[in-house]
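A, B, C and D are the chain letters, set down in written order, and residue numbers restart from 1 in every chain.
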Amino acid sequence: MSEKPVLNNLASDNTSCACLEVMDAVIATNSGIASSYGDDACSLSLDAIFTEIFETEVRVFPVVSGTAANALALSALTPSFGKVFCHEMSHINTDECAAPEFFTGGAKLIPIASQDGKINPDSLNTVIRGTGVVHSAQPAAVSIAQSCEVGAVYRLDEIAALCATAHDHGLSLHMDGARFANALVALEASPAEMTWKSGVDVLSFGGTKNGCLAAEAVIFFRPELVKSFPFLHKRSGQLISKMRFISAQLEAYVSNDLWLRNARHANAMAARLSTGLGSITGVQLAYPTQSNEIFVHLDRPVIAQLNAGGFNVTEGELDGTAPPRFVTAWNTEAAEIDQLLDAIAAAAV
Amino acid sequence: MSEKPVLNNLASDNTSCACLEVMDAVIATNSGIASSYGDDACSLSLDAIFTEIFETEVRVFPVVSGTAANALALSALTPSFGKVFCHEMSHINTDECAAPEFFTGGAKLIPIASQDGKINPDSLNTVIRGTGVVHSAQPAAVSIAQSCEVGAVYRLDEIAALCATAHDHGLSLHMDGARFANALVALEASPAEMTWKSGVDVLSFGGTKNGCLAAEAVIFFRPELVKSFPFLHKRSGQLISKMRFISAQLEAYVSNDLWLRNARHANAMAARLSTGLGSITGVQLAYPTQSNEIFVHLDRPVIAQLNAGGFNVTEGELDGTAPPRFVTAWNTEAAEIDQLLDAIAAAAV
Amino acid sequence: MSEKPVLNNLASDNTSCACLEVMDAVIATNSGIASSYGDDACSLSLDAIFTEIFETEVRVFPVVSGTAANALALSALTPSFGKVFCHEMSHINTDECAAPEFFTGGAKLIPIASQDGKINPDSLNTVIRGTGVVHSAQPAAVSIAQSCEVGAVYRLDEIAALCATAHDHGLSLHMDGARFANALVALEASPAEMTWKSGVDVLSFGGTKNGCLAAEAVIFFRPELVKSFPFLHKRSGQLISKMRFISAQLEAYVSNDLWLRNARHANAMAARLSTGLGSITGVQLAYPTQSNEIFVHLDRPVIAQLNAGGFNVTEGELDGTAPPRFVTAWNTEAAEIDQLLDAIAAAAV
Amino acid sequence: MSEKPVLNNLASDNTSCACLEVMDAVIATNSGIASSYGDDACSLSLDAIFTEIFETEVRVFPVVSGTAANALALSALTPSFGKVFCHEMSHINTDECAAPEFFTGGAKLIPIASQDGKINPDSLNTVIRGTGVVHSAQPAAVSIAQSCEVGAVYRLDEIAALCATAHDHGLSLHMDGARFANALVALEASPAEMTWKSGVDVLSFGGTKNGCLAAEAVIFFRPELVKSFPFLHKRSGQLISKMRFISAQLEAYVSNDLWLRNARHANAMAARLSTGLGSITGVQLAYPTQSNEIFVHLDRPVIAQLNAGGFNVTEGELDGTAPPRFVTAWNTEAAEIDQLLDAIAAAAV
């Protein structure tokens, strides 16, 4: 029987395949010739497509990994002697093997702690220090993840408050949107509202986790920040020669509300899991479920029993103290959720 | 009519689409779940697949662009204060926006000139200087492209001589194999013969130009050189989360001689073009045609007329003095070649 | 009258001049010719001189600033994707404008908090995570300052415990000894005991604050760690052409116990100030006085009055929450201390 | 007898000691306290002092090595993906262990060859390519050495022509003035004429070789280029804590025409040597003698005999093909010159 592979799906949304519509777009673009290095028609149309989605003029640079999107985006916002303020559990701080430091030429990530996985404006305000002092690395940017690393979602007013704090200090605000769509549908907000209308300057727009093969993008909401970004993009090996294959994914992903439908489904499955967990005695959610990630306190024996049963339960993320995590995806099935709930209920007795 | 798009194809092999077999592999892998970040079955099998192809134990790291492959490979071979010796027209020196310098943390590329586009062992021997002298950047690696930037192909004995010179000085040898298959079939050599048996240490193995969507790989022939490469790979944003989509391309590409067939076709089309050009009065090949690139001296008015007719003729590459170039690909049709030849013949009168 | 300049001296030991013996050595070396770039007799003798002082074979690399010493030392201990664990108030983390990140090519400084300004082995043990995991920057080194940023001094057993923790995890231990002599005489330990006998691998040896003009050194206690350091040293612009002028300072500094006498005097003056402060009502030491730095809680009005009176009282260090600081030096006079005490007593009423 | 050490002096001007006036200034500044990190009175006066010397408003940043001066200066002029055009024999290209690449974050040095050691505007014009093309590292700066690496001196009109070419392409011009004073007195030009009046944007101003202990400076002639330079300066470990000791050297060096007198003496000694060499049969100057460096073609047996006699004759510089070099300094004595001439005459028979 195939229970194990099915259930593993909940370890990460990166284990899911691509959705049909995206794959069809890749197949469709695989015909005839097309200019290379982003000069093909599809790639050239991305600015316009995303300008419409975000209701403001944007510049879009496709890349193939979230790490590249984040590190490149930050490299546009900080000098090599700059500081990037982020949550201590943030992906850029813990899971990208110092890519932000590499791409920025040595900028410092200043970790901020909190109980709820979000950065608090007061905490942020406290740690932004040293501007203009030559001995200090220079405050340059704030980076938040939406949804964030514990699956929580910043409310629009929270984003606006952080952006205001950043801007008050002359810093830019970067949003790591690896799970941008999941947060968006959770808030029932518009893309514009969750980004530039709240003050976000640059976005790492994620497509891979939510139905693409490998497609992310760095999106600038303020054209004046683009500056030499095309060179940084090329220099990093992210200007793919047959770029149409990446761009076609992005185009399909945001067409016909595909990205929103995929995200709504993932979030609904997470809610189903969260609700189910809430009814199991002895199991406690570590954070409120707001998007497609569920963190839950499980005793070590429970984890052991789940893993023995073929589940792939993480015990805590690198450099943080994150509890076991389950992640739903665009194609998670209710049966998988129920199977997992049954197994946890059995193990937690 | 669609003449223009067809003919544009000869400006670069990067404008071609992916071949059917590779696309089918991508479609086939898009099913069910798979471990992320290269822990899927297909990615995990690459070492074994390429070990068989190269007849020696290799380590394979998939990446998505040639620039990344080259820059990452070099970063494994040189310290930040090192020197990489290369042809002055080499892609790493002229067309990668200082990516090698970026990935290596500031190594110097030492350009070597020559008439035939290849590095000569004597020239190489002359410029390798300063080893152990603290004032000098330290000789660390030699990089050659096979086929090289003017379409010429290093013979096996030439490769061996360069590798011997490099090794005599304690340097590693990197081969930029963006068009590896084209060179391989031109030489009628085995992959092993053209690499480690001749002394090559690390290879940038190209798939994209010859039928893939976006698939290259850094291949180590000496496991002891891998060292911290997995971290450099991740840090650069090239460890794709859904790596199976890259790995499946590579697997299909080297299965059933697909890569060799594709390359043979491209080379045959190049030969057809080369022969045709040879019979046009007033047109002179700049370099002998040995793989799938043809460089030809064309008068500016001829170029102008060709471009007016919808051909996309390059006038000379960046930072080199390369004459107009035509590149054939795995799917170039004889009719395209003949159409181009007719147009040149008409313009060159 | 000259009260203000005298009293300013207590803002930092960097404001003091060089002591007579060191200056005499500089004058003495300024005669005849000498090989450049460290090949002069004095520079060449440094290894032997410090080998005797440290009772083990060491390698010594003179530099001209503490920032360079620390950043260079760390660059020998961590890969570009490494982690350096340090106190959140450490000089390398807060006062060197991201020099460690620059010199290391992008390594991460992982800040550790504590109440007493020292790193605790348990805290250290907790945060060393991710070794071998490709997503995580790699734990590479621990850096402690002796004396540390709040003027406290690690006991020998504390150093040994931290070194043991570091080594257990395969990390190196770097000691920032900008005030090495002050700590040494505070502990009444030998240079060997406070370094390699306790497990220290590399030391930033400070001379400038304690009587030199500009002379620091990176000292390796394990020759196998030197590796390519001579090239890093040169590449950073710290291999001074007339190196004899730096080396002569270092030689004089450690001759005839000069460095120890200077440090004992500074510490004695600090003790005098500390004792005096203890008897002023309403004034409270922030940390126990153990070397030549005193941190004291002063109300803002008191600070204002002191500064109005010509004292240069710092209100808190960058990126930390350090209270006002007074630093004594090799030439601080008792009268200065008493003058400051009088002023504080008057202001604190 | 002490012939050998005396004669070694001609191997490099870095082997000379500091002149009396500079040493006296260092001694004089060693009194009382002074603000650290360049906030002392002497350091703060440097902008005004050099503004007067250069007859335009300048910004001065003292550093302690020529390598640091050059690499820092270039880091202000080029992005990390930039190109710096320089002579293939230039010190920045051959003798600084990739420091320019390090400080700039990976910029490329593009070497230009010539017979006379100088860059030719036509050659320069030819190699400046790729501006705005994303595949190409971006032309950013031109660097020339005055006097240059073969001892030749650019005439004012030659400097102006190179600056014009650079500026026409939107590039900045950096002058490596390690031997600035020697070139200046050779031209009998004013500091202003040899720099900004000819178009120079940033200067590495050398003091060490011509009478200082360790004092160089980066001088900006266009304040708008300074931008974040203070942070780069600090980040590189070149913001010395007791900066007064560096600044005092610079102040004394340019006071009372000391620097010009020193340079005139060195140049006169070079002329004496050059004239003497011209009268020895079988000895041929490699380049015309224009400042304080003499390059001469000597047969290997002659070199061997000279070295056996205690002379320290270099056989060719790193990465260039420079012939044996003699360098005179501010304190070279006529007797040394004559002694060397006698020895060469004897050996060349």
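Throughout what follows, contacts are C-beta pairs under 8 Å (C-beta built on N, C-alpha and C of every residue); 3 or more make two chains touch, one makes a residue touch a chain.
Please read all numbers here as calculations on a predicted model, not as lab measurements.
**Q** Which of the two pairs, A-B or B-C, is linked by more C-beta contacts?
**A** More C-beta contacts join the chains of A-B.
**Q** Of all chains present, which has the mean Cα position farthest from that of subunit C?
**A** Centroid comparison gives B as the farthest chain from subunit C.
**Q** Go ahead and note the Å separation of the Cα centroids belonging to subunit A and subunit B.
**A** Inter-chain centre distance comes to 34 Å.
**Q** Would you mind pulling out the distance in Å between where the CA atoms of subunit A average out and where those of subunit C do?
**A** 41
**Q** I'd like to verify one number: the distance from the centre of subunit B to the centre of subunit C, where each centre is the average of its C-alpha atoms, in whole angstrom.
**A** 51
**Q** Using the touch definition from the top, which residues of subunit A touch two or more other chains?
**A** 37, 80-81, 96-98, 102, 105, 134-135, 138, 231, 234-235, 239
**Q** Can you tell me which positions in subunit B touch subunit C when the two form their complex?
**A** 37, 79-81, 105, 134-135, 138, 228, 230-235, 239
**Q** Hey, which residues of subunit A end up touching subunit B in the complex?
**A** Per the touch definition, subunit A meets subunit B at residues 5-6, 8-9, 12, 14-18, 23, 26-27, 29-37, 63-69, 71-72, 96-99, 102-103, 208-209, 213-214, 231, 234-242, 245-246.
**Q** Note which residues of subunit D are touching subunit B in the complex, please.
**A** Per the stated touch rule, the residues are 80-83, 94-98, 101-102, 104-109, 111, 127, 129-130, 133-138, 318-319.
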